[in-house]
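We call the chains A, B and C, going by the order they appear; numbering starts again at 1 in every chain.
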Amino acid sequence: MSAALAVAAIAVAGCGDDDEDTESAKKVEPGAAEQAKGNVNWCIGKDTTGTFSKAVKEFSSQGQVKANLIELPAAADEQRTQLVQRLQAKSSECDVLGMDVIWTAEFAAQSWLQDVSDIVAERKDVWIPSTLETAKYEDKYWALPYNTNAGFVYYRTDQVQEPPDNWQAVYSEAAKGDGIVYQGARYEGLTVNFLELLYSAGGKVLSDDGKTVEIDSPEAVEVLKFMADGIEQGAAPKAVTTYMEEESRRAFESGGATFMRNWPYAYSLGKDSKIAEDFDITTFPKFGEGEGAGVLGGYDVAISAYSKNPDGAAAFAEFLTSPDWQKTIMTEASLPSTLTKTYDDPAVQKAFPFAVKLRTAVEQAQPRPVTPVYPQVSEAIFKNVHLALQGKMAPDEAIKTMKGDIDKALQTF
Amino acid sequence: MTAEAVPRSKSGTPARGAAGGPKGSGRGRQALLWLAVIAIMIFCLFPFYWLINTSLKTGPDLSSANLLPPNPSLKNYDSIFTDADFTTALRNSVIVASITTFFALLFGSFAGYALARLRFRFKFVILAIVLSISTFPPIAIAAPIFKLWTDTGLYDTLLGLIPPYLTFSLPLTIYILASFFKEIPRELEEAALVDGATHFQAFRKVVLPLAAPGFVTAGLLAFIEAWNQFLFAITLTSSPDARPVPAALAFFTGSQKFEVPLGTITAATVVITVPLVIVVLIFQKRIVAGLTAGAVKG
Amino acid sequence: MEAATVARPRRRGSGLSERRLAAAMVSPSMIVITLVAAYPIGYAIWLSLHEYSVRVPGLSRWSGLKNYDTALSSSEFWEALRNTFLFTGISVTIELVLGIAFALAMHQAFKGRAVLRATVLVPWAVLTFGSGLLWRSIFEPDLGFANSMLSALGLPGGDILWLGQEGYAMAVMICADIWKTAPFMALLLLAGLQVIPDDVYDAAKVDGASAWQRFLRITLPLLKPAILVALLFRTLDALRVFDLPFALTGGANGTNTLSLYAYQELTANRLVGLGSALSVLTFLIVMIVSFMYIRFVGGNIRGLADER
């Protein structure tokens, strides 16, 4: 059932057929999960809400397979470094991997993941379609979508009558009020913020097959200029170029901003703060004429190619993505589910008053560029966007440099 | 430049006595001296005190800058000691550092003796090699060792940590022990040799016992060096079973996405540091002697 | 101190000749060092001459000096180099000055010296990585001690994002290093002070030399050997700094150092060839500095190898 791993000896990157990278990956068959036994380790970031431990306990009590939680650092980047280190050492320590949605292509291309296309195919309809895109690479599925995330515009209800329906209006209202805060520091979060606007404007980073760069478009320049002007003209404070999620959340919660772009997690925290009564959220407005669009966050669960118990791992992954457990993570951990039906559940709607808005946001969100060299591509993006935001580079020059940097990234050997 | 940088000692020699004359006013000088001493003590102790202070705070207190914990509690310590990963890391560190120290002393005393006493060619070369190791940037060999250990199965094991740790503890150990050996009067060994002992027996029976204080110093310094190792700790281990304490500390920290667990981090740091501080204080004379051996002789 | 060398007595016992014994005694250490340092460095150089595919597992190709070219033409490398030297220059200088000042203060004969010496060892005993975390917490924006104190005292700077801005982050890193090491320097120098005989000073006082002159003409020159050795080790340590920037900022905001940069390329970016080239370059830089140093200071090290 599991083919032996063959090292692919292919000519230099950039060319080659579509499926060559992952031709000989291991595959896990559905149904194997049912006869599974033994132990599995689940490697995922810090269990800040306690639901991860609960999951392994619950799962272990249900059947033959015993699950065990191995916590990685809380920061996604550090989780990746930890997983990469183990996978490069071919360690069998982790059976089930908690994968940030942007790692799929990279890990799959390295043959670190098992092909779970058949497992996904069995239940394909239960998942929100956009979330499945994050688990796909080269037309195969490499993980089961576990939790998702999409950003919102938070706004002060005491300062804004009706949330504007396009970004331009948001910024001009912000300029008149206390401004908009978002994640503008020099990191992955900035890539997300930039892409949200870019996608709304109809722009793209890569072609659909991931092989050519399409960032050097008038839309991209327009979006970047819009963001840079926003800071220069005071719609967004200068400090925003040092903000990550927490800094922007704190700025908004302390009453220092009229608008904020952030993930859903800030909603419940905001309801506990001094502005509890005075804010609400809305899905992303459009940029100019286009449709509002977002960028998908979240985590998928994958099975390590070096796992000694892939069947047990599959069983656990199925458990994590089952309707019951998806409901639990949403109500108890505030992690948005990847299953469509979960959002209709009354208990979920009680915990998330904006549940349906959230599902809409997820449905209209898109994944970040799918490429095995995503880290380099992302750096090319946030590096140059940051320079433009700081006023150190003109937007059109920044986009041109960005194209050059992404080109180089795609040429990575 | 920084908020609390203490100004340099006010009684540096230049300020000796207001009058500046050879017999400068004793009182003025004394006062300045005391001021300097206090300044030094604050400089050294305050951050450490702050560490302990923070570790006794929980919840909202952590966000305040109170000099004394408003609600002192041992909760942070409790939570790190019940964290199996942390206690395992402590155990790992103790094991690896102890084994490293043992071998550092063993190999180091042999090499130190040879360098200090025996005549042989290439002595300077050997010495240069040994000293040059102490200038090696660990990063230069981290990736190769990672690859080697991955291929040989030593990755993620306590055993795998020992060779790199040993390599970086050896130079100082050799240097210190060699200096101590040199201090011992040659006549004693020569007497033994005249009596028919071999060089090695002279080493074992005459020199070693006399150099015992040097071993304490060298052992302590080797232990501290191994205890502090960070780069190898994070590169060569991944599972809690093999991870030493500095790497485990790196895991305590995390993103800015969630609350920074300042309480537990500082508690962990205190736990890791306090025993070391106590040991260092007990043996301070030896440590100072060891550190300065050779530096002064010039 | 040196006894006149006696004619070497005839060995009567059996046992290895001096040379063989020396070889035997030195070999365990040499073996460890060769295995763990020499061979890996060779391997690192080998790795640096290849490129390892980031996309395709197991694929590599010979690339000669290309990685070095990439490294030397990357702005990040030069920035890391600049940061490392800046950090080294400033922190070692301040540590030396403070170290001399502390040593002088500790040297003035008075009671309680043991306590002071103990106090001074405390920063050095704190786990290096732990001290990095400690300083990070002190300079946390809002919650940290530094900003709270500044605000409480009404001084400017209470809202500085210390670790979030270039320049300030480096300042914090230097501060952290000084805290940890200046006391250590002081100890090294104190021992040097202690061997200077009092009568030298007394003679100078009698001749009418002022305190400052005594310091310049007597103390400093006699302290020179100790200063030079302390400087050497501190400089080499500072050039290799890794734990501090890792703990404080992860290398952001102008604190990326040579070692940390090489580490990032190796682990986060998985560029084994480039990372190895950077590691080798770091190694070379440190070696060059140490060689240059030893040229000037060489006498001290040779002393150890000389027969007495």
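Convention: a contact is a pair of C-beta atoms (placed from the backbone, for glycine too) under 8 Å apart; a residue touches a chain by one contact, two chains touch by 3 or more.
Source: prediction; values computed, not measured.
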Write out the two chains that share the greatest number of C-beta pairs in contact.
B-C
Measuring between Cα centroids, which chain is at the maximum distance from chain C?
A
Between chain A and chain C, tell me the centre distance in angstrom, where each centre is the average of that chain's C-alpha atoms.
41
Between chain B and chain C, what is the gap in Å from one C-alpha centre to the other?
13
The distance between the C-alpha centres of chain A and chain B, rounded to whole Å, is 43
Residue list for chain C, restricted to those that touch at least two other chains:
142, 267
Where in chain A do residues touch two or more other chains at once?
85, 88
Provide the list of chain B residues touching at least two other chains, using ranges where the numbers run on.
235, 250, 253
So in the complex, which bits of chain B are touching chain C?
1-5, 8-9, 11-17, 20-22, 24, 33, 36-37, 40-41, 43-45, 47-48, 50-51, 54, 62-65, 106-108, 110-111, 113-116, 118-121, 123-124, 126-127, 129-145, 147-148, 163-164, 166-167, 170, 174-175, 178-179, 182, 185-187, 190, 193-194, 196-201, 224, 227-228, 230-231, 235, 245-246, 249-250, 253, 260, 262, 265-266, 268-269, 272-273, 276-277, 279-281, 284, 287-289, 291-292, 294-298
Under the stated contact criterion, what part of chain A meets chain B in this complex?
45-46, 48, 70-76, 78, 82, 85-86, 88-91, 93, 244-247
Show which residues of chain C lie in contact with chain A when the two form their complex.
51-59, 61, 142, 161, 164-165, 252, 267-270
So in the complex, which bits of chain A are touching chain C?
7-10, 13, 21, 77, 80-81, 84-85, 88, 109-111, 185-186, 239, 242, 250, 372-373, 375-376, 412-413
Can you list the chain B residues touching chain A in their complex?
85, 146, 150, 155-156, 235, 238-240, 250-251, 253-258
